[in-house]
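In the part that follows, the structures are each spelled out as structure tokens.
Both of the next two complexes hold subunit A, though its partner changes from subunit B to subunit C.
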Partner chain A sequence: MAIEAGRLPALTPRVRRHWLPLLIAAVAIAVVAIAVPLFFQPTNLLNVGRQSAIVGVIAIGMTFVILTGGIDLSVGATLALTGVTTALFLGAGMVLPLAIVLSLLVGAGVGVLNGLGVAVFGVQPFIMTLATMVAMQGLSLRLTNGGPKSFDNANGFFTLLGSGDVLGVPGPFVIFIVVSVIGVLTLRYLPFGRFLYAIGGSMEAARLSGVHTSRTLVIAYAVSGLCAGLAGIMSAARLGVGDPTAGALSNLDAITAVVIGGTSLAGGIGGAVGTVFGALLLAVLANVLNLIGVSPFDQQIVKGAVILVAVLLAVQAIRRRKGDRS
Partner chain B sequence: MPARLEVRGLSKAFRGVQALRDVSFCLQAGEVLALIGENGAGKSTLIRILAGAHAPDAGEVLLDGRPAEITGPAGAEALGVATVYQELSLFPELTVTENLLFNRYPGRGRIDWRSARREAGALLAELGLTVSPAQRVRELSVADKQMIEIAKALRRDARVLILDEPTAVLGGADVDRLLALVQDLTRRGVSVIFVSHRLEEVFGLADRYVVLKDGELTGAGAIADTTHDELVSKMVGRDFVRGGREPGAEIGEPVLQVEGLSRPGVLSDISFSVRAGEVLGIAGLRGAGRTELARAVFGADPHTGTVLLHGKPVRIPDPLQAIRAGIGLVPEERKTQGLVVGQSCATNISLVSLLKRGRRTVRPAADQAVARRYIEKLHIKTPGPEAPVGTLSGGNQQKVVLAKWLEAGVDLLILDEPTRGIDIGAKQEIYTLIRQLCAEGLAIIVISSELPEVLALSDRILVMHQGEVTAELPGDTATEEEIMSHAVGGR
Partner chain C sequence: MKGRLVALGLALLVGGCTAVPHDDVPVTAELGDRLAPSVYCDTECQGQLVLQADPATVRCSVGVSWNSTAFPYGAKTTQMFPDFARKFLPGMKVTVADAQGDAGAQVNQVSDMLAKGVKVLVISPQDAAALRGVVAQATRAGVKVITADRQVDGDVASYIGSDNVEAGVTDGKAVAEALGGQGAVVELSGSLGASPTITRGTGFRQGIAGSGVRIIATQTANYKRADGLQVMEDMLQRFPRGQIQAVYSHNDQMTFGALQAIREAGRQNEIKVFSVDGESDALKRISAGSLTATVGYPLVAKEAAIAAAKLCAGEPLAPRIKLESTLIDRANVGQFLGRPPQ
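Let's turn to the complex of A and B:
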């Protein structure tokens, strides 16, 4: 510790706090630049951005929940559900903005349900969101009779959300960046953000400091549901159908992105900046492994190893922060 | 014959704070040694070293004349040193049998439950305990739980039994039962180290005593050769300052009046008031309901009864209402209730004022400026306002909690065990701060288990026993003995 402090005297605490994801990103980029020149082709980079977007958007919402010390397993199922509802609404002739707003509300509604279960009825977050996950999967299948629901995807704006470009940048990536900026600003500059950290750090300390803990929790889960809902709409726009089986594992990818980004699963420590890096790292990893021709099976093994190393490093940083020196 | 237990020159420091310095003493077989001292005197550290929970920085422990390397709790057990902590280490959902024989069940490969039950029953009978071996430990009284812990230690052939304040949470009849049990054990040759704040017990039970103060041995010898007053002066080691009011500070109008405050099974019919510029001390043993009273007034727990603030009746259903009404609570558990330890000093200090003032946005720069002001004003030792509060020492953490409430602005500040686990220097600073705040016209309630602290700070003292107020004493004439006699229910 003394050596490190002596060697990095000029770094601000904030930079020092985020050095880990930054370091990982820097090393990854350096290795990739040498090993896989193809990676830095603009079209490939834009592709990585596009691939990171859906999981990234979910992960930003997930960050809110994990900061409280909770978890949201239902985001993948919510993604599928809102993709399906979007397709159904559009198929029923609804105008696009209304279909989008209603589907976002469906997503937020699932989140509110989770939040009420956790905050008011005291169900453990893992179990509560597992229950809604299973139920929402069933609901999506029921609404579509099990198959993908197609709709008229002629609307240019809707295509933009999925596969289109804004000034050459993929639409989904633009959405991811916008959501990230909102997420970062909310966590840093709104009292609500502070309350999330306080609840995750110590629910009792937050309550005794006057924080309305149950309301704050419900909003946190609603944010997660809303983000998953947005991801579902993006997914439908990209696939051109409402697929009830879409995003089956995106809950785990999102959790991975959050944790790699340095947010503690125990809550109270971390933030959305790290999550953005985490989501990008996952997308970069997948892309690079593809480019160098690693088989999909081996890719998973590598991914698992990367997660483990990143989390082991993050755990140590978190321990220092809590003043736990044992 | 060598002593059963001999301690030579034990020292231990935590984060530069010397918790134990060069402590030596002996204990013979079948003797009871009373280990006494104020909270924070180093008793717990000494016990933890003997129990293998801490390794000493220097010194050695000898058992029956042989140097004993106590490596970890299992090592202590193997050497025959058993410890019963204040926080009992029983499994509440398991039965008495399972707890008694835990990890040492009879039978090879699989557990022979029949002989386990028989053995547990025999052990209980031997100690004269009437609980059933099949009962779940959760359902037992505190006294019975403690007896079970002792029985467990005996089954493991303890030669040295350490009891950490076993009587602190017990009522009169249970205390007598426990003391009788201890005496019975000594007749079988078990040596007992007995920690207690109650000197009358010490005189009734112990053969020898050891007094610790600020980690050093200030007295040791045979109980027969000492007196109550001598032990107290060795424990306290100073003539504590009375009253300590700032000159010219006036006591004003009542800020808080509580009438008939109750919570079933916890608090019954409590009435009191605190005035502006006054410190009300609340004394009592653990479990007397002091913390529960503070939490009820602060709206953290449900309660019935009337609460008046500045003469007007108010309803305080939750902490936020209390905060808006101008009440602050420095809770008992600093790390889990007072602070968000993973967060910075600045974030912690601004948390309550953020809510109270209903600010719409967080301004980190402004929060840091505020934090810097308090770091200077309260002499908080920290690398800076952005340092995680978990990395500070206990005293500095407590100052951050105080800063949080000062920044929010309060008329009434309730401090629950404000100096627990805090070193002497920071303690004095916190006392000075409490007096200053009082002189500025705040109404202050101090809950403390340390009688010298209650006496030094309070203008009036409320004594609680089993959820009731048993006495209200004037701060300038009350004595420790007087408070204690009301705290144990006016025996």
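Let's turn to the complex of A and C:
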């Protein structure tokens, strides 16, 4: 799992740094291939791609926030809220593009609220986003009276976001990849991306070297909210309803994907490429456990263990990386 | 022109006024037009819920404490109970509290209700043991307690609700019959450890016992539509064409997800799907033919309100009032379409 840096290291140290995770990934794939031949059936691979997309899109946005040393617990609730608003807008007869844009704005708006709380009012990110999470859960339930809101999703483009495919590749997975590419490029090459690393490294140092820290933080949280909003629209498109209780645990899944991907919760180290692999790993794990037929109780134990091992490897990689710097 | 507009406005205003009934609660199919239990209350249940007193004379304060309204069942019940009371029991003062899935919060809310002096407490406990203390406290203070949908440890005036085990048994028998006593079933279970999950699972196993129907996989989809879709996709992958004859799902929302996965895999003709709950969407799918059957798990709002009124009026109440777990399939769905269990 690659870790971005401002400079491109020579190939050899990169391989040296990543040989252990790469080896483990290779072994894991080999084990899965032998134990679960069903996994590599094309329809199953397409399923896994589709299943990884929603958490993946959220996790890319989450990467932006975690790189600053923050956290966004509100993404699951934002997903539910924008799924609900999409359903309500479409149910009220609004044209699709407008419904999508407005729902994306709702998502970004929740993010801006988080960002203002954190950057301007100095609230701890954990508490600020916990507060918006609870409030948005309530708002979704209020808007739907507690039950899923169905709507007519006959529109072809909207189907594409959920169940459809582009040249055989599931629509949601295409969106995930597009969002990932934008995320990776932004973090690597745009000044805004580099500012996030600077803030995560040291807020004070970033400020002193001329980074507009408040504005950067607000945008980071807005990106996270925007991604969660997109995920909510994708979820509504996939299910054909706006479910006010959807995505309840996807905030934790997204954080897990980011951390497995090698981004430090302390901020300043990591990147979006790792997050893509983290999200894929979670989806593959859930799928394989179902294919093997592991009992639901044991699944949770196995998931916990795999996450722990993956995070330990990621932490090792971060340590080595810090060693490289000094 | 201006005059005509004014006249039009006046006409609208007058028309609007006369069209609005004085009663602020609209007549809906769900509430009904009189003080009567739902269609899921059978003859015995109806006999237990006859209010002797004149409804207009029933005056008392009732507290409704629900474990969670983050699910359609809790949300609908806590809205329907006060609406039904306002419409048919004008002297009943209803206070509703939502514990948001937190037993501790529910204990506090019930304590507050007792302090405010409710005469009857209708409670759907988050946890049978955790709420025991405060329910006993209510009983000692002379408050009559009705448990609705779920039970609590200890003595109460009455327990109203349908039976999850029975719902599972009904589905199990229906599956065995539909498959001709032979076949493989995938079970989508609810949240692990939740009491409806355990009882709906146990009942189903009792229902298929003795037949050649076997459960080839059980996997949780957390009562959620998105999870039902994903788990079913994986199950269809694990068991290729011809290996699954039926799906038993613990609630309608998971069922809707599973139906989508089955349809997308093009296997709707070889897999029969059985569910529990009876949401109006489920009934529509049954009449359209995509869902085989669902067992109604009816709301208890009207029954609980009438029972509370009986206690207010000092009338005796049966300790157990059971609502039917009706199997709704293509043959009888017509009679339930306008009044779904949930």
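One rule holds for everything that comes next: the second predicted complex is superposed on the first by the 298 of 326 C-alpha atoms of A that agree within 3 Å, B and C clash if a C-alpha of one lies under 4 Å from a C-alpha of the other, contacts with A are read in each partner's own complex, and residues count from 1 in each chain.
Just so we're on the same page, contacts are C-beta pairs under 8 Å (C-beta built on N, C-alpha and C of every residue); 3 or more make two chains touch, one makes a residue touch a chain.
Computed from a prediction, not measured in an experiment: that's the story for all the values here.
Chemist: In the superposed model built on subunit A, check whether subunit B and subunit C fit or clash.
Modeler: Superposition check on subunit A shows subunit B and subunit C fit without a clash.
Chemist: Where does A:198 make contact in the superposed view: on subunit B (first), on subunit C (second), on both, or on neither?
Modeler: Touch status of A:198: first partner only.
Chemist: Is A:168 contacted by the first partner subunit B, the second partner subunit C, both or neither?
Modeler: So A:168 meets neither subunit B nor subunit C here.
Chemist: What is the contact status of A:238 with respect to subunit B (first) and subunit C (second): first, second, both, or neither?
Modeler: second
Chemist: Given the touch rule stated above, what does A:211 touch, subunit B (first), subunit C (second), both, or neither?
Modeler: Touch status of A:211: first partner only.
Chemist: After the superposition on chain A, what angle is formed at the C-alpha centre of subunit A by the C-alpha centres of subunit B and subunit C, rounded to the nearest 10 degrees?
Modeler: 130
Chemist: With the two complexes superposed on chain A, say which partner A:156 touches: subunit B (first), subunit C (second), both, or neither.
Modeler: Neither partner.
Chemist: Looking at the overlay, what does A:122 touch: subunit B (first), subunit C (second), both, or neither?
Modeler: The answer is neither, since A:122 touches no partner chain.
Chemist: After the superposition on A, what does A:97 contact: first (subunit B), second (subunit C), both or neither?
Modeler: Once the two structures are laid over each other on A, A:97 reaches no partner at all.
Chemist: Tell me, in angstrom, the smallest C-alpha to C-alpha distance between subunit B and subunit C in the overlaid model?
Modeler: Superposed on chain A, the two chains' closest C-alpha atoms are separated by 30 Å.
Chemist: Per the definitions at the top, what is the overlap between the subunit A residues touching subunit B and those touching subunit C?
Modeler: Shared contact residues on subunit A (touching subunit B in one complex, subunit C in the other): none at all.
Chemist: Going by the contact rule set out above, which residues of subunit A touch subunit B in the complex?
Modeler: Residues 13-14, 188-191, 193-194, 197-198, 200-202, 204-212, 264, 268-269, 318, 320-324.
Chemist: What residues of subunit C sit close enough to touch subunit A in their complex?
Modeler: Subunit C residues touching subunit A: 69-72, 74-76, 79, 189, 192, 217-220, 224-226, 229-231, 233-235, 237-238, 253, 256-257, 260, 264-265, 279, 281.
Chemist: Help me check something: in the complex, which residues belonging to subunit B touch subunit A?
Modeler: Residue positions touching the partner: 298, 300, 318-320, 322-324, 329, 331, 333, 335-343, 347, 350-352, 354-356, 359-364, 384, 386-392, 404.
Chemist: Enumerate the contact residues on subunit A facing subunit C in the complex.
Modeler: 38, 41, 43-44, 47, 51, 137, 141, 145-148, 150, 163, 235, 238-241, 243-247, 286-287, 290-291, 293, 295-297, 300
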